[in-house]
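Residue numbering begins at 1 within each chain, and the chains themselves are lettered A, B, C, D and E in the order written.
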Amino acid sequence: MSLNIPAQDVAIEFRNVVAGYGDFMILNRLNMRARRGAITLLIGPNGAGKSTVLKTLFGLLRVREGSVLLEGQDITGAAPKDLLVRHGIAFVPQGRNLFGQLTVHQNLELGGITLGMKTTHERIPEVLRRFPRVQERLHSQASALSGGEQKQLEIARAMLLRPKVLLIDEPSIGLSPLVVADVFRLLRELTAQGTTVLMVEQNVKSALKISDEAIALESGRQVLHKQADELLADPHIERLFLGGAHVAAPAAAGA
Amino acid sequence: QSVKIANIVELSGAGATAGTNFKNGVELALREINAAGGILGKKIEFSSLDTQSNPGVAKGLTQKAVDDGVFAVMGPVFSGSIMVSMTETQRAEVPNFTGGEAAAITQKGNPYIFRTSFTQTTAMPKVARYIAQGLKAKTVAVIFVNNDFGKGGRDSIAKALAAEGVKVVADISTDSGQVDFSAPVLKAKQANADAIFVYTNEEESARALRELRKQGVNKPIVGETTLTGQKVIELAGDAANGATAHVGLTVDAPNPNMLRFKAKYYQAYGYISDHNGIKGYTGMYVLKAAIEKVGKFDRVAVAKALHGLKLSAAQHPGVLMDVAFDHNGDLDRESYIVEVQGGRQVVKAVLPPLGAVK
Amino acid sequence: MTSSKLAKAGGWVALVLLLAVPPLLKNYGVYLFTYWLVFVIATMGLNLTVGYAGQKSLGHAAFFGIGAYTVAIGLQHGLSFWVGLPLGMTICFVTGLLLGFPALRVQTIYLAFATLGFNTAVWLVMRNEEWLTGGTFGINGITRPTLAGLSLNGPLAYYYLVLAVALVLAGLLWGLLRSPWGKAFTALRDNPIRAESLGIHIQRYTLLAFAIGAAYAGAAGALFACLVEFIEPAPFTAGASIMMYLMVVLGGPGYFLGPVLGSAVGVLLPEWLRFAQGWYLFVFGTAVVLLMLWLPDGLLSIPDRLKARRQAREASVARAAAAAQHPHSQGDRA
Amino acid sequence: MTDFLQLLLSGCATGGIYALAALGFTLLWQASGTINFAQGEFVMLPAFLMLGFGFAGLPLPLAFLATCVLAVAVLGWAFKRGVADPLLRHGLMPVVVATIGLAIALRNGVRAGYSAEAHPFPSLFADRLFTVAGVNVTLADLGTLALALALVLATQAFLNRTVTGRAMQAVAQNTESATVLGINVPRMVFYVFALNALLATAAALLVTPTYLAKFDMGEGLGTKAFFAAIIGGFNNSRGALLGGVIVGVAENLAAAYISPAYKDAVALLLFMVVILFKPEGLMGRKEIRKV
Amino acid sequence: MSVAKPQTDAPLLRVSGLKKAYGAIQAVGGVSFEVRPGEIFGVIGPNGSGKTTLFNSVLGQITPDEGRIELQGRDITGLSPRALNHLGVGRTFQTLQVFGKMTVRDNLIVAAQEHHGTLLSRLFAPADSGLSDKADALIDLFRIRHVADKKAGELSYGQQKLVDIAMAFMSEPALVLLDEPCAGVNPSLVGGISTLLKDLNRRQGGSFVVIEHNMDFVMDLCHRILVMVEGQVMAVGTPDEIRANKQVLDAYLGS
């Protein structure tokens, strides 16, 4: 079922967590652990609850039952600001999350609001070196950027924080292959410096290649937790964890 | 045993200030009357209802009053509302006292409607006479507020001035609630008339007076009751000095009854009544006198008795000044030409009632 | 299922009450009921424009006024109410089409601003063009219509006329909203860009949403003029439009019966609060704030809220069951 | 020419008054994404509070300071907790309607609880009259205009130059993103409304001597200010000043040279033209790219 | 999987000399290409290379500065998105564009209703315009039956993406332009989409233009591929040619 992670190496732990939207519970007594200083990949079909896991962890959704632990410390119910400032968690959500009417540079500044302006201004050039495309558009209004440029800006913004724990939801959406590779490389570097990464990806095969462990989610429950390379080597991977088992050959549309 | 009277007035919306004054006057009178044993031994029950300055609501409330079997209705003050509500009181044969000054109200042949003040058609000739004969002016600039009150006044003064051979050389409309009077005043100034006639509500009157002073206008400024009211003087300060007006009802009238009323009103409500307060107060006492004259609570008889009724302030101190009603329900009594001097209204001339002149 | 049955049952009960209660009331009660129905008609139209089609209109009272003045001026010139009513609706429909054009250029709050300006312009004309509208003196002596020799002058008779018109117009609106048009309006509200790329003629539907809504206001205005038997510009200010908007939002924008409740709050509630004396409008304003806080999506969102909650619970249970049954659930793999 | 200048100057002074009230609209739109239909009442209430403190014997500056404190508590904090917090996430409509209700309640609360009369209000400026090139101006005219300008520029600078100001705008544009970045959303929202309350109090101080303290002063003021804000640019503080002055001057010129009865129509015409051809307002910023 | 060869060589869509600039940024700088009837045409390129701008120009969403667009020989430059839709051109969006407050089923029905009858006849048509069956077929095809009666705005990212794609197919367009259809979609469904497109292409001769960063998908699906870089066409060719193009490898694919 689950990989055994020694207690002192557990960075994130969900214990019987129930959470959802209004009365619709998405996570059903979810138990899950992620290893410190590693990339843990969260996979599962659309609607499995992957994004919900990240939102719950980051305090955007209320935990109805159970508890969430960070390095053994109970952080259930903590506010996002505290998680960011005190626990060093950063979150890059799915979809658009920019301030469209502000410039790219202003977006970056806001990303560093918890650091103070001085530190932020010091770090911005350093981060921008990683994302030349964003650098070129520094004084454009953020809503004018292309889809992929916006995503890059969002990731760059999170990097300013030098987080201890990075939650990143489908970074590859909209990114061109070279940039995806760059971002993945960046994530590896972060873990080398001790950052814990919890990543959701549908681009499973490439993501597995750079991940340490993988957790598969279905209907709000963990259905598997394995070493990434082990999973990659599994000949049944398609069928089992990517929803392959349920794929029927589609009939012709509407005809 | 008690008798109901409904006070249907503008307590919110554009007419709130006028309506509230009227209502306070009525209530003050009613409290006094009840304290003194009521009318014909019966206590008066009264309710005050807010028309929101909206004729549609006024109509409904009048129906409500009629449904409740009130003996008489006091109000509303705004002409538009009274036009609507008085058809309801007429239908139910309920005497109705209004504060409205539009001439049309009493020209519909409604035997149940009665004034509490002059109509514009009676007041304006007096003003016109003062302008023509007192000031010897040949030309006048008219600044009026663009609502039924102001427009009605403008129409009346224009006619009255024409009758006196005075020319209106500028006809300037303003908005109710207008803040900046520089354009109207400038136009009046440009017209270079011998006198300026200002017919707006109290607050706007104050603003107009201030702007007139600011732009250094030194022509006589004449108006009606609303130009020199206590409120205007309070709001306009020094700029009010020198303004002259024909005043039908004023708490500064040289009349002991009026001074007593002024004091009682101030004691009850913490501010000085304007003419609408006097309208409500005297209206209620006129009604009382009429009922007592008839000797019973009979609506039709009371309405009949009111036509042609003459009341003297000596016998009926509550009416404050001698007053007479004609067959239309319009009233007649003496009035004043006042001038603001040193922050006070000073009576320059007492004009006898029209009836006394003829 | 049950909630829609409940709604239907509620509708029937309401209809019976509407038919049977007024005869038991005194004049004032009947007058209030009629006044309320007039506003129901007007806000039904606004609900189409604002609630269904998502066009932020703050100029509805202008159409209300145009309807009222059409009938009043028509009567002055010997035109029967029965001609004035459809004429008023037609003029409003056409004016609505014209007002729709700005809506093609600007959206959201900017559209609200534009319509607000339109309302003020119409109001200025009503106030200043004395030769036509009577200016601030208004138009007096508006008579109520007769139908087939039957006078509708009495309060009750006139009430039933207004009720009949309200029911007919409600029926028409219901049919319209159930047709594909209804979906097109909603699509327009939710995402005009996507709608257009799916071949929906958003210009046409926008104009229609305005024009039809305006026609309803015109009908209401015509009935209003005859109800009060006097009109002046005051009830047709931008402030009146804002009150109508308030009624729609309070009742529940995009809910068919929202205007019925919303108008009740806007028209009847102040009357019920009269016991609070001088404070009644204060209480009313406070009540509006509290209602909004309690039900931000309007009074009629209650059933939806309950339904959504129930569905959410069912979905949760189903999801939990699916999770529990899952072949790969915890423990079956080493 | 002198007459024209006189009108122009008076119009500017009135425009300054409109601008002060309009500033509240632009601030709330930029920094909280709301439209407050009770903005006029937010000026009216402090005016009465100041009068009240005045009666209690405080000199005007002290009364102003005391009112600032009270306004921040009531129009800032209480408004945020009571209205903004629960309703902001439901979009614009419910907030708008709640503020309409609030306006009704405030207006009629003051009327029923205090007075339906207009009350004179002491002016900050001495009653001095200047004549420059034949044009008469009062010290109050000039002072109001100058202070309006200062407040507008200060607000603009605060919103665009400081990180806090920008964080406030960020919250208005995308609350969830702001949360994700660790911006203290509730605090920013409070700042917005506190600032709005302060500006409203300052506006009350400057506006009321002309407008007079009256329960319904907010109605007229609010409408004019609303139009001014739109003409100038709803998402730009400097736009409030420009719009205010345009409305003030247009009214005056129209009343003098076109038709007093239709003087509002000129501002209205301008307003319509602006909306149709530059909906974001003369100084407003256009939003780009939708898909 | 064998793919039907294009039937004729007369172009279905011809774009010539298309340009669009935003200030100093030349988003599309003179792009020309042809899509043949029955062809599946890929558009790839780095982030910000102008792909979405190209789509929006072709589809009337924005007005190009220069250039001409023809559909089956007919000039369609400057036509509105609605007009193009009625000419049989469907599209999907890079950013989520669904009707958030309508149910998934209604989203699909409204997507095709304007293709039936006249404005007036639609006023008297049944609520679903007789499209329920078709909608259900697509719901099954995209495996969103369990959320078919939910409001589209309450779905997960991937689910909304599927709804968006399904909508484009409701009116059976002859040409569909898809902007990153696979972003955020589960791999098994990516396969499903691919199969669907091939199927429609083979059976009904449907033509498609696809922007995608998922190279496996593009290379497997498309007959020809256009590579855009910095608003210019870098290469056009079959997947094999593109894969072998050194320039493309450097600029976009990586090795």
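The rule is simple: a residue touches a chain if its C-beta (ideal position, glycine included) is under 8 Å from a C-beta of that chain, and two chains touch if they have at least 3 such contacts.
Computed from a predicted structure; not experimentally measured.
**Q** Could you give the fewest steps needed to travel from subunit A to subunit E through chains in contact?
**A** Graph distance in the chain contact network comes out at 1.
**Q** If I average the CA coordinates per chain, which chain comes out farthest from subunit E?
**A** Result for max centroid distance from subunit E is chain B.
**Q** C-D or A-D: which has the larger count of contacting C-beta pairs?
**A** If we tally the C-beta pairs in contact for C-D and A-D, the bigger total goes to C-D.
**Q** For subunit A and subunit B, let me know how many angstrom lie between their CA-based centres, rounded off.
**A** About 75 Å separates the centre of subunit A from that of subunit B.
**Q** Please tell me the distance, in whole Å, between the geometric centres of subunit D and subunit E computed from their C-alpha atoms.
**A** Taking the average C-alpha coordinate of subunit D and of subunit E, the gap between them is 48 Å.
**Q** How many Å are there between the centre of subunit B and the centre of subunit C, using C-alpha atoms for each centre?
**A** So the centre of subunit B lies 40 Å away from the centre of subunit C.
**Q** In subunit D, what residues contact two or more other chains?
**A** 107-108, 111, 219, 261, 264, 291
**Q** Hey, what residues on subunit A touch two or more of the other chains?
**A** In subunit A, 21, 144 touch at least two other chains.
**Q** Would you please write down the residue numbers of subunit E that are in contact with two or more other chains?
**A** If we look for residues of subunit E contacting two or more partner chains, we find 61, 93-95, 97, 170.
**Q** Within their complex, state which residues of subunit C touch subunit A.
**A** Contacts found on subunit C: 308-309, 312-313, 315-316, 319-320, 322-324, 326, 328-331, 333-334.
**Q** Show me the residue ranges of subunit A that touch subunit D in the complex, using the header's touch definition.
**A** Answer in residue numbers: 58, 60, 80-81, 84-85, 91, 93, 97-102, 106, 109-111, 113-114, 117, 141, 143-144, 157.
**Q** Taking the complex as given, what residues does subunit D use to touch subunit A?
**A** Subunit D residues touching subunit A: 163, 166-167, 169-170, 173-174, 176-184, 235, 285, 287-289.
**Q** If we count contacts the way the header does, which residues on subunit E are in touch with subunit C in the complex?
**A** Against subunit C, subunit E makes touches at 59, 61, 80-82, 85-86, 91, 93, 97-102, 106, 109-115, 119, 122-127, 129, 167, 170-171.
**Q** Given the complex with subunit D, which residues does subunit C contribute to the contact?
**A** Residues 102, 105-106, 109-110, 113-114, 117-118, 120-121, 124, 127-128, 193, 238-239, 242-243, 245-246, 249-250, 253, 277-279, 281-289, 291-293, 296-297 of subunit C touch subunit D in their complex.
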